[in-house]
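These notes are about the structure you will find just below.
By letter and in written order, the chains are A, B, C and D; residue numbering begins at 1 in each of them.
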Amino acid sequence: MRNYVSLLFVAGLAFLLFVISGQLDFGAAPMLIGQAINQAAPEQVGAANIVTSVVLGYRALDTLGELAILFTAATAGGLMLGRARAGATHDPEAGFILRTAADLLFPLLLVVGLFIIVHGHLTPGGGFQGGVILAAAFFVPLLARPGTHFDHASFAVVEGLAGATFIVIGLFGLVYGGEFLAPLLGQGEMGSLLSAGTLPLLYIAVGLKVGSELAGLMAHIAAYEAVDS
Amino acid sequence: MSPPDLGAILFTGAFGLIMIGILGIVISTHLVRIVLSIVLLETGANLLLMLSGYRPGAAAPIIIDGVVPAAMVDPVPQALVLTAIVIGVAVQAFMMTLVLRLRSVYGTLDIRELRARLERDLAQEAGIGLPTSDDAPDVAGVGTARAQGGDA
Amino acid sequence: MSPVLMFVLPLLGAFLLPIVARASTMAGRLFGPLVLTLNCVIGVLAWGAVSEQTQVIALGGFQPPFGIAFYVDRLALLFAIAVSLGVLLLWPDAGEDEAAQRENTLTLVLAAAATGLALSGDLFNIYVFYELTAVASYGLAAARRNGAAYAATLRYVVISSFGAALMLIGIALVYMATGTLNLAQLAQLAPGTLDGPLGLAAFVFILIGAGVKAELFPVNTWVPEVYAAASKRVAGLLAGIISKLALLIIVRLLVLVFQQPEALQILLTLGILGVITGELAAWYARDLTRMLAYSSIGQLGVMFIAFSIPGPAGLYAGLAVALHHMVVKPALFLLAERQGGALERLAGSAQASPVAAGLFILLALSLIGIPPLPGFWAKFLVVTAALAQPGTAYLLSVAVILLAVVVEASYLFRVIVQLYRRVPPTEVGDAHDGATLTVCAALGLALIAAVLWLAPLGNGLQGIAAQAADRAGYIEAVLPAGVSL
Amino acid sequence: MADWINWVALLAVLVMLAGAVAVLLLNNFLAAVAATSVVSLGAAVIFVLLRAPDVALTEAAVGAGLSSVIMALCLRRLGLWRIPSVTAGVDDEAGNS
């Protein structure tokens, strides 16, 4: 019975989507604010990558909210899974080749992650993408040596401080720029590494926060005891 | 052979993913598959949002070496989809921690069984349906016994 | 002080709380309540300025249609203050271990997100805050960490993620049609672009998304399980406060963007169905928590009916019901913490704790709508506003609301009779702890105060409703003449 | 005009829809997770075609990478980690490796 009602619901939604799909114009979007931002962003924000101008300038509050969602999900996940028992069983250690590869990967991933983060205002990529790679850098060794201790405490400190840095930069904007999250510092020369004012700083905070949060969350899941299949 | 209209292809893709995702949420009985269906639904929604910013012949909204392209696509939907992707994965990770915990507490991932267990646990906590009550004593009795067995 | 701080401070607090708690457990415990108290002070200080003129905050200093704008009118500020105050009153204070500290962090995030929802004037920003509210409430709902809490929360997460994805689809449709996300600019553009079937479809998608939290009829199946499985403070928070914020989004969108009569009819229909299903299920419920949960669905149905009445009259009535429910429901859930469980178990509660039983009666009478308590006036406003509308649908809604009063009275009196049934002294349960009783008594006193100052309160609410219904004023404030694209 | 964009888009959409159907039909959850990441990769290709390199990079790193890693990790903890084997009978060994 319940299934039929649900299928009816799905069919209704499909019909609705079918009806509206006739009304949608592809490639002729109004782009009201998009057009204006494309014109104004190079002068107002000064990042070569306009998407970064939008993410950290025009819609910086969304990014703060997004960071908060990651933080909340990691906090709630930690609350669910709790601390691993002392002496809990864990996966066997990986073989020699994998361990060596993991040791080699760690610095490589770290450098790549940081590179992507600090170039976020110039090229595609940025704090989130780089942060994921940073998380991988800390997580891969954990996969190779499942028994090693993961220092949740220091990661939590990095996480909290990085998030607070984002907000504090925003509050500086409130005090010196008139509004919360207003971009500060000179824009510099477009296209150079030190340009676009506070945007690279914000992206570094985002990258560190995303990296530490995801690494912490995955370590929590990895430390969770396996269920026998 | 002339290719089909680009807009039609992409709208079909987005709406198709959305429909498959919703269908999956509705008909699946296994929790992991429901989680995967939600991921599909979100991908479809992101794709739809992305379609709202495209202009044929426009360039990516990045200024390379100071050269501003004549026409650039809308950067706003790109920023929105970036946000939405990360939000989606955060919720997905949290959902999986819940699934992990449920598996170790109840030992099942079938939503019908889970719903029954939930009903029984809630009733037991509230003190409804204990063997002394007058309705359906044996069902409730089995329920409490199994719930206690599960806790042990 | 800028009202934007009311969003920023709790979030900053949440980020720092784990570090503060590591340094000193005492500071960790006091940190959250301190931040929320500060928030209330900022809100009250901002009230004076906002009641003269609405405030528009262009975040990042970017002119409104480009960046994200916060729109602070009295309605938004009222809800922002209510969030801080409500979360403060329902602060978990679960202890000093790591889990308790995580719970405190989640509660602070919830306060920040809900405040953001109240203030935001940007469609996608609303989606982000909505998701933030959702994730924080998932964590709190599962915080009891038993099987029932996990199972109930997972159901909530699935329904809520489904709703959020639909909301995102709705936002995508709106953006395709108009090319903007700012609510004021959407209001400007809506008459030409969003009044067709496309706009209606977008509204339905966003309504389903926001309706998950607002306990709207078809997507509220998670409500009884989560409220029964979570701690009663969390249930009070979700039912009393968070649901109203979701409602506020729907109201804002209805007033500003989706003007077609079909949108109101959809809301009215779903509201009527919500009242019928909620109250009937509450009547059949056999434990107090789920009875309260279903009754909350019914009450939100009444609010949907009220907000489906066009013009300031509907807003005024809906606002009155919402504020009343915001005071009564958390208090009832708090009382149910100790009196929870099957109705038979309530016998003798009045012997254990006469004050609690007295408070329960006061709150229940107001919930039913017995004059002269505020609940009566709130429902009276809805009924008179609905009767002033043409059409049989509104007449039907009045009949449903009046019938619901009878049903509500019958099941709440059943509870009260149980409370006062005498039992042997050995079977008398525990008394309520002092802190809970104080909070409930404060909320009860607020009800009585509302009776005494009914006229000024009514006038104030009417002013707030008139300001919120002022579409042209909103556009004018956010996009002053001269700024156009 | 550039017809090839349409053909690539058509291919990507077909792959995505096939992957999505596979997610609902596959019995093996590891394969279903792999199908999800195929869908994500298809979406990433489409994002490139739509001139959104940022989003494409994120979809590939987060949607196809991170999300699959989390799912795979959880499947292992859930005891659903089964690599499909050619011969029946070594299934258990494959599950433990």
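Please note the rule applied: a residue touches a chain if its C-beta (ideal position, glycine included) is under 8 Å from a C-beta of that chain, and two chains touch if they have at least 3 such contacts.
Worth saying up front: this structure is predicted, and the values here are computed from it rather than measured.
Asks: A-C versus A-D: which has more C-beta pairs touching?
Replies: Spelling it out, more C-beta pairs touch across A-C than across the other pair.
Asks: Quick one: report the Å distance separating chain A from chain B, using the average Cα coordinate of each chain.
Replies: Comparing mean C-alpha positions, chain B is 19 Å from chain A.
Asks: Round to the nearest whole Å and give the separation of the Cα centres of chain A and chain C.
Replies: Distance between chain centres, rounded to whole Å: 30 Å.
Asks: If you average the CA atoms of chain B and of chain D, how far apart do the two points sit, in angstrom?
Replies: 15
Asks: Indicate the residues of chain C shared as contacts by at least two other chains.
Replies: 124, 128, 131, 135, 138-139, 142, 145, 150, 173, 175-176, 179, 181
Asks: Pull out every residue in chain A that's touching 2 or more other chains.
Replies: 17, 24-25, 29, 31, 33-35, 37, 49, 51, 58-59, 62, 65-66, 69, 72-73, 76, 80, 124, 128, 221, 224-225, 227
Asks: Provide the list of chain D residues touching at least two other chains, using ranges where the numbers run on.
Replies: 52-54, 58, 62, 66, 70, 74, 77-80
Asks: Can you work out from the touch definition every pair of chains that touches here?
Replies: Here the touching chain pairs work out to A-B, A-C, A-D, B-C, B-D.
Asks: Can you list the residues on chain B that touch chain D in the complex?
Replies: Residue list for chain B touching chain D: 2-6, 9-10, 12-13, 16-17, 20-21, 23-24, 27-28, 32-33, 35-37, 39-40, 43, 46-47, 50-51, 53-54, 58-62, 72-73, 78, 81-82, 85-86, 88-89, 92-93, 96, 99-100, 103, 109.
Asks: Okay, in this complex, where on chain A does chain B touch?
Replies: Touching chain B from chain A are residues 3, 6-7, 9-10, 13-14, 17-18, 21, 24-29, 31, 33-35, 37-38, 41-42, 48-51, 53-55, 58-59, 62-63, 65-66, 69-70, 72-74, 76-77, 80-81, 123-124, 128, 190-191, 210, 217, 220-221, 224-225, 227.
Asks: Sort out for me which residues of chain A touch chain C in the complex.
Replies: Residues in contact with chain C: 16-17, 19-20, 23-25, 29-37, 40, 44, 57-62, 64-66, 68-69, 71-73, 75-76, 78-80, 82-83, 153, 156-157, 159-161, 163-164, 167-168, 170-171, 173-174, 177-183.
Asks: Inside the complex, what are the residues of chain C that reach chain A?
Replies: Those residues of chain C that touch chain A are 2, 4, 8, 11-12, 14-19, 22, 57-62, 65-68, 98-99, 102-103, 105-106, 109, 112-113, 116, 124-125, 128-129, 131-132, 135-136, 138-139, 142-143, 145, 150, 173, 175-182, 185, 189, 196-198, 201, 204, 485.
Asks: Would you pull the chain C residues touching chain B in the complex into a rising list?
Replies: By the definition above, chain C touches chain B via 124, 128, 131, 134-135, 138-139, 142, 145-148, 150-155, 157-158, 161-162, 164-166, 168-169, 171-173, 175-176, 179, 181, 225, 228-229, 286-287, 289-290, 340-342, 344-345.
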